[in-house]
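Both complexes shown next keep subunit A, but they swap its partner, so subunit B is in the first and subunit C is in the second.
The block that comes next holds the complex of A and B.
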């Protein structure tokens, strides 16, 4: 007993030796390699920098400070310029690769996530995740010349090899009618005219990441998830929760074909980056939660697709045995693999292990990791350990998914799910943003989970993962990470409220109707949506319950960064903030709003966006 | 039923890992009566063998604990005893009886959480149960007719077992969670008489198929047959290292086989004896614990997404009007009732739990379109979902709201007949 106590005490000390706060981890997320193969640029979102490696020596040449939380990077074909999308700074850093200095800062929309230039380097395209568009920046003037509407959560870009097209994907599905099939798109931009030329529909896709185009321009590949949110989440096996898939497009396949990369008893999730070899023989797909890279034999893949009938083409994404026809290997790499870069001679593949803070060097001939570049990260503290768990899929049955599959990069997936324990077709749940939730207990819309330990521990194990998951310490780490998730900047809030926001604030805080009659306290916005997070953390019946809900009582949701998180209401039935009042509040039970005009509701929305 | 006969040679060799096998004058490769002439467990270390439990009249079915220190086995202390489940230290010592039944209990394996799983003889064949290492809180996992024998505990936490299957010309391999829920055939290509399955370090499952071996891999929906050799194998395989196995041959010998290197090498053979059921004595990975999600509800709910999705037959679109449910009551099929099938092929029913049931799809005039050949079951509080009717484990669901759930969230209830009465849909 004494030894056990000493051991526990030792462990507790060991686990506490790394300070929790003020530790920054590089978190490499994207890579770029020079055409001569001598230099590797590593984009580190955790330390706001680009780390330039001299590959022959493996030494760091320079650490180049950029903006906050950089997410995307592009090296121009002449290797003279490096562009970095700074997601929290809402701008782009232009780096001169000769001096390794930032020489210019360019404008972007809300939360720029990826950058690409046209071939002539006249225009820079920036995918903006929050403003759901693509900025076109004139590189001669350094000014943004136009915005192109892209998919929701526009995040990744690719230029076709002939320079004629820019492709853009997005991580959140389009907002459609309640419980409709998720839809995403590849936005095709005509690079000559800087206009949207086409939108390729990706049916049942939600969470589309990197896109790659073959050197001959005939094959495009986009990494995506295909969620199963419309059926009850009653088990995990047989691809019941998420399909991990690649959307193929281009002349080689004709139209869009979604193909799976999973197997019957193992899952490779979520697919993030895709690298196609110049000869189009091989595609490498990083799968972040599975700590691996999937190798696809592209020739076999194309031959397989050619054998499919039209009906089979539309259904092959659900055939877990299909991947045996084209997956050549699975390569274990470091923790949380994200962006990749292939050496110009094709002999090495570099893989950024985001939560492992390393770069795996894969020898492509043997398909094995033969080396590693370290980014000199500090020892992992409990939050970092928790972050690794958050992204890891190994805890779910057959490694099917992890927290981050639905809470994409800590956010949400824009989907409404049918969870099992309450019965089938009941208590639909709108997925929520995880930032700033530490002090907002209870959890789940019916308040059934008193704390995050319950939510992430036994509930997740039993009803999501359906397999033995976190031990006590791991759960502690995971919860610590979730509680520590930084809150992204609010783009709508400035030092002073605008007049419209001021008017909206007055409506939010009003105690009387427009006709002067008092509004009961529990029907005033600011009473239930009160406190630091705009929630009183209590259950109320505000009349938004549905016949399929077991209880009309709703845990008051926090309103932090509410503008980002459509759809709304507990089940995701309101597509916009306005619909909360114009569709789902006919009797003024969810605040008094029926005496408001359209412009007054607009004012209220403008204010809510600042919270 | 297959049995093997004696050979007349004696060879001794060794492999680098201690192992245990069952030595028997006669091995019957079918169901529970496998050792009609007796059996004894032998442990081999450094090429020397010794009986594991010398005082026992019969012993078989060795299973090594996760830490490699103890062995579960089925045994008879005296020749007239039923087979029971025992545990003995590898290093020697008195065996400890874990299960005390008046019926036979065989094929034990360790489960995580200090539990064991085994097969117990019932009037309806061997059925699989779990219990604690002290024999407490037994829980039955299987409810269909015929012999259900434990093969392995998969690292994902499920129990792999063999049982009769009407489409398999004998047995097939099934999986079930350790709370008895989620039973299904491991693959739906249903080859001839699959049994004696074991999971390899790679996650593949290797099994006996007639007189040869085959394997299931994660990537494929159908079995992969191993190279055919002059040697016929029998019973489960023990994995020495990746692609190196200890196998029993029908000649009676124990062979070391590296499929990539051709013919097997005999490591043990003894005149007049057969060496079967090899297991290695070493620590191995603890399988994942299954967190039971069974709810506190009557019966079990079953949602089928689309009856038209089937790997075995084409069901004409729009032809299915209803699903008819039968249960096995006193060894006879009894129709419990029927429920409507929606246009999209979905239906939602509540079936009696811990009872063998099966389905028929019927058209608008009540004619059978197709019917399930075998039986399955669900546990109390289980919520079962399936893609279609015999869709196969390779078929992931289409993401579409089932029409039946848009119409109702309440299942059509199918109840067992009240004693002496007729039964229909509630």
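The block that comes next holds the complex of A and C.
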């Protein structure tokens, strides 16, 4: 009996301490197929490589090492060059498809996520997720010629078939006034002048992903999530809280029309990639959390849109029954479907299953999976199992959403939410970055969850999913994954601090005011924001509470990569780091800052951005 | 017939003006779409013309005006300066309530509360590559559009003893601030060093040492010609030209300037410049001067020419800028656009 108890204890410890961090999974995220249909390129963000498949044989031709965490890929129309956006290396790999070698590394901004060239291949456009812009790289010189202002979280690009326009979408909404309706945009770049020509507003859109344009250039489609973050999330069973939609634009529809792909009692989320057939008859939409591909009959869709009155056009995205007019099928595929590629003859659709580490081969005529390409991934460990759960929407009521819907790719969604059933307008909370949170308990802004198991288990089940959630083993896997989330590179920190950052560090660590008077310990930045993650893991009243809060006590947040996570404060009321002090610290209760000159406050912020 | 007479009248000054440029002036006011008649500045941006007015930003394109005000996203209605970024097509807008960036229909706002901007009273802005240089009532600011970093320049980190920066101009080698009451501040891009230029007479309004330095501390505008390495400065008490070694100052009593009260200087090159004064628009070609304005007494259009010998010739013209109080100019090929206190003028070159 005693031995049995020891064995059980050993097993429990073993499960929790398996050295899994070194295991890397391919995590295929984007696909490209050659015009002759003979070769498929698979971009693997987990193993930092492009895997080239010979499709007739199904064999791997070559594994081409690229930069860190590649996110976007583009095959030129002549199939001679492959460009890969390396999101953690802040550069682009140029691959010669004849030799299957990287022949050049090109510059980009902070966290490049997508690439596209113009038709003449004179300029390369790179969507930079963190710097919120689009790099224009002169391919003759290999130099970045300029940056164009995009929206927040610039992530996906598409070139119009006539080559005149480059479209850019964004995974985060604009930073607007507090509790305003979310809004995103499609940035339209004039490819002849390399300048932004227009911006299509996407009302109530937060996370916008891939964009596709029909071969005749008359129809654009962008995959997006439309959140209802202004009402309590606890109303999930009363109607959708995150709608999954397509924004249509172009001459076929006139203006922008948002249409739902969900059904009244089943959600298909989040829509990621869109592939339009050359004859514009069909659109395929991968839905990552639902492990499926939604098939849209485009002709029926356009006919349906034409029947809508102006008022109906603006509201049809909220009518989930509308999808019955144009959704033709849902095709179950592998786990975590992301990027897709259609064979030139249109007979097969390839789907990258990111967390499944496979490529599903869908026969388009029968709309079913007929084969699979393996990427040779190792067996899933607990973190990988947890990652699959993180992206899966099946646990929520009606398959509504998963963790990754709000924590987009492990980050945040830039929204302020009204989460719990405490009535309208109580305890608004800003969504927080999940990276680097393993040792930052307690959790929630009011610190009421002592550990991630509570946060992700009963709390999520009760307040978010409104449905039976994870079992014990699954919860352990999920928490293991969240704790293992890698921390992306800080773009503002070099080997040495700049003079401004040094000055800011001195302000962050100061113990006396400029007049020499001591600053009380709990009013010093470095006391509450202390330790490896810049949090003392306690609750404090720093005077930022609002009448809508039930308690003024706030869990001290970690400051890791704080530059990325606007808006700020527990409720998201500060749009910028500056506003934390210029607007919300009138009495020096959130650190002593009112004796600082403006340039000193700037220095403090420059230092905070390095943490 | 009237058109022929008008054309002949427009050409009439030619007989008296040597090679000085002549214009036919078309004037815009609120009556034909300008947002406000008080125009602080004008910027030509390809086929677009931007008017910075007291009550909104005007965009003239394809023969019509479009007006932007706070309800459209502009940070403040009183627009003092407009700086197009010719690389990106964006436009930076200095206002009495902060800085706006206009990009393909979208306004982004920078204020002292929401960003690192030094002060909300923004007099001038200039764009150079990825940097935006800003002149505010509390010193200079530089915004790095790639990293979002703001750097502030004031009495603590530059030789600036007065922080009221009134205008800024940026070139690849030098950035100059006109500091109202503090002379001129120079930033060397390569060395990252600041240097100031001041009136050797101090803050007095007496010119004791003409041509030995900047004409006055109350500077309103700077214009640097990089290819000639010549700096032009406008003050409320005359103008200065500095070639890196020698200063040359201009006063109304010994030059063709119609007034010592200057709102702006804009150089064509090291020897040619346009001066915006309270008594008309002046042009200097290195020897001769020309002044374009409604006459101060009769308000009839006139052109004055002062030759190298100091002889002044007055000619009645068919048209003139909208008012003699000139605040700024910009070039449009051979044409010129002029901001005045009573409207915006388009000078169409006829000779």
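Here is the rule we use: the second predicted complex is superposed on the first by the 587 of 611 C-alpha atoms of A that agree within 3 Å, B and C clash if a C-alpha of one lies under 4 Å from a C-alpha of the other, contacts with A are read in each partner's own complex, and residues count from 1 in each chain.
One rule holds for everything that comes next: a contact is a pair of C-beta atoms (placed from the backbone, for glycine too) under 8 Å apart; a residue touches a chain by one contact, two chains touch by 3 or more.
All values derive from a computational prediction rather than experimental measurement.
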Task = Have a look at subunit B and subunit C on subunit A after the superposition and call it: clash or fit.
result = fit
Query = Which angle, to the nearest 10 degrees, do you get at the Cα centre of subunit A between the Cα centres of subunit B and subunit C?
reply = 130
Message = Once chain A of both complexes is superposed, is A:340 in touch with subunit B (first), subunit C (second), both, or neither?
response = neither
Ask   = First (subunit B), second (subunit C), both or neither: which does A:64 touch?
value = neither
Message = Between subunit B and subunit C, whom does A:602 touch in the aligned arrangement: first, second, both, or neither?
response = second
Request  = Check whether A:42 is in contact with subunit B, with subunit C, with both or with neither, and answer first, second, both or neither.
outcome  = neither
Ask   = Which partner does A:166 contact after superposing on A: first (subunit B), second (subunit C), both, neither?
value = neither
Task = Name the chain, either subunit B or subunit C, that contacts more residues of subunit A.
result = B
Inquiry  = Touch test for A:611: subunit B only (first), subunit C only (second), both, or neither?
reply    = neither
Ask   = Least CA distance subunit B-subunit C after superposition, rounded to whole Å?
value = 21
Query = Do subunit B and subunit C touch any of the same residues on subunit A, and if so, which?
reply = none
Key: Contact footprint of subunit A on subunit C as seen in their complex   = 87-90, 101, 103-106, 108, 112-116, 118-119, 130, 138, 145-152, 154, 156-157
Ask   = Can you name the residues of subunit B that touch subunit A in the complex?
value = 112, 156-157, 182, 203, 218-222, 288-293, 295, 301, 303, 305, 348, 383-385, 387, 393-402, 405-406, 408-409
Remark   = Note: in the complex, subunit A contacts subunit B through residues 179, 181-182, 204, 226-232, 234-235, 237-240, 243, 260, 262-266, 315, 317-321, 323-324, 327, 397-398, 418, 420-421, 423-426, 458, 461-463, 465-469, 548
Note = So, in the complex, the side of subunit A touching subunit C is made of residues 109, 131, 133, 145-149, 185, 187-188, 193, 195-199, 491-492, 500, 563, 575-576, 578-579, 582-583, 597-599, 601-602, 605-606
